[in-house]
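Chain IDs A, B and C follow the sequence of writing; residue 1 opens each chain.
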């Protein structure tokens, strides 16, 4: 059957398709890491963190500051500064997040609606402070190494493939920590019942600050990984926030497995559609899909069952 | 006087997860009677009446009101038909005045009737429970007993055919309970009453019929005297 | 009731009396504030009185703005009918979004409205050819007339904005003191109880959302007509957050809170970005040698700080506190 000729568009060249899949995979990997942070925070604390994208942005901007500083002080190779950034950025961002939890969210008693309004405020505070001290520029960070992988059609940046590997490894670590360690057990205990956990001597306040820091730190690591591919600017938090929301909601709020599946799906879809068609159209469809999922299937498309 | 069935349930089941909270094969509330539902804690009393008034849907079964199937009808439409429910946990509008609290059901009644005076109806309901002189005070600032009375006044302002009261005397002082019994006897002259109650003296003073629930099932049904004499009830409920 | 009529009358009278005495600068500001406060009055019906926190009201503002401006630009309608068309667009948007979003509650409602608004914002960007995206387009002065009145004239513009604001203010005051308004407030306090009093909460919430959307749309359309500009920034998340901030500041669930909050925030941002922040930037650079290249333009920092402080320390806003402490009759 020659149904392909009835398609309302021309099928793209295989090279374009391959490029779309590769870009989509890189996006999916970083997105999964970022969305995982949002998902953990929601799953355990029931906090919808609207400032999550700004923690991501902060990671990227810090990566620029750190790599620039390391290069200036030591004159060392790019990988040195990058390695330092990979450690320092998530730690600093995590500390800021823990402080936010302690100063703001805890005082609101984690009331769902009030915390959303508060995190919107925090979004603007972080974003505008970045504008203040980093400025309105988009600046690149050099990749830690440079080699290209050959495909049948074009050479492809090896760094991007390393990003995918690193993201997968990190997610495995997080998953192991959450499911196989005492810390993970304590976190899950507070997820089910905060008051009972408290009664059993679990320091819920510290656990929450730690969870919020972990969520923010994951976003920051994602940003450090991506910044050699995409420059750092103070407005870069918007897209990952929107995409993480989409992923977390489609995956089922608080479901880690669903989040990963949805990240892969959205990352690939976004990579393919934006490479081949139009990024704006892809986002319009994705946001409408999210709204409809929340209205008609609040447990998510990939989530097991209602919370 | 021949009993006329007003509100009835057949094969009514409610499951929460794996737990069967309610399993009532047959229940009939007759017009004009005062019926008490009693049973130990966790017997499913509140769940059972919540099914009757539609706060959540049953897992199986059928509910009829005045020979009409209302099983799938949303709660607010049942209220409009004349089934009013007053909450076990006091559920008044704490930030509004007493008047506004009763004006809401009063205006709903007026809307349903297609006319009438909201103010008169609202004040009438407050007068009936003895709170008229406090109409402009804030509901949340009232004593617990007054809040319980306001809760009843809200039900009365709806002008219901069936008034379901969920543990109305819980937390009331003894003197307040006597007044409350008189009030319900007065209301019962025009309204069928379904009462969930723990306080046995209140049940014995008010109820014409008693339904005993245990583990979601009807254990016994009958007049207060018959229930008092029932061995099974004594074993399960009155402590044997 | 009489106190309430006198109070609203006095506020409107004050705004009339102010017109000839204001400097040109404040004159223009206040006209803009009145249009934005109209938007906030609409937002307050949903958030302050009904207790539904929308994060997507910019889509209704934008529906009014673009419904009106595109008709003038593309179909060459005159601004009167175009304004009405904008309002109708917002009404339809409110109905459709309400029918869907009101199936969710709490956080779900917030995110669903946010997502719909983002889709609307992106759609405006997508049809760049007609809307000119965030660059936007102007409506020429020549066509901005209604019944022979030149709406670009500053005095006419001021009074047009005041008429719109007054209509919405009086409308909202009448609504919240009506029987329907009593049900809305009761839904905010305890929706389940309202249902058990025989009301269908969905119907009332839809009413509140549609009225709220209509006022937001009227404000958007008026903005296009009075200031001769439409741009997709007005559809961005930021413009969904602004009315929330204004209402939170002025006092959610008070009729005059939206105006007060809009005035305060407008002048706070104006003063800070005009005077304080450039000075601060110079000070930081001069005294500490820290570069602060963006401080002078970082006025949204104030928005963020205000949101956090309000949520933490004054969720009832200015007039909410006044009502609790001094004037319990304040509508």
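Simple rule for what comes next: a contact is a pair of C-beta atoms (placed from the backbone, for glycine too) under 8 Å apart; a residue touches a chain by one contact, two chains touch by 3 or more.
In this text, all values refer to a predicted model and were calculated from it rather than measured experimentally.
Undergrad: What's the contact topology between the chains, one of line, ring, star, complete, other?
TA: Contact pattern: an open line, chains touching in sequence.
Undergrad: Quick check for the class: compute each chain's Cα centroid; which one is farthest from the centroid of chain A?
TA: That would be chain B.
Undergrad: Need the central chain here, defined by C-alpha centroid distance to the all-chain C-alpha centroid.
TA: Most central by this criterion: C.
Undergrad: Where the centres are mean C-alpha positions, what is the separation of chain A from chain C, in Å?
TA: 32
Undergrad: From the mean C-alpha coordinate of chain A to that of chain B, what's the distance rounded to whole Å?
TA: Centre-to-centre distance between chain A and chain B: 52 Å.
Undergrad: Which integer distance in Å separates the CA centroid of chain B from that of chain C?
TA: Each chain reduced to its C-alpha mean, chain B and chain C end up 44 Å apart.
Undergrad: Flag every residue of chain C that touches chain A in the complex, lowest number first.
TA: On the chain C side, the touching residues are 53, 55, 100-101, 103-104, 106-108, 110-112, 115-116, 118-119, 122-123, 125-126, 241, 244, 248, 281, 290-295, 297-301, 303-308, 311-312, 315.
Undergrad: Enumerate the contact residues on chain C facing chain B in the complex.
TA: The touching residues are 179, 182-183, 185-186, 189-190, 192-201.
Undergrad: What residues of chain B sit close enough to touch chain C in their complex?
TA: 53, 55, 74-77, 79-80, 84-85, 87, 91-96, 100, 103-105, 107-109, 112, 118, 154, 158
Undergrad: Touching chain C in the complex: which residues of chain A?
TA: Answer in residue numbers: 48, 104, 107-108, 112-114, 116-118, 120-136, 234, 242, 245, 249, 278, 280-281, 283-284, 287-288, 290-292, 294-296, 298.
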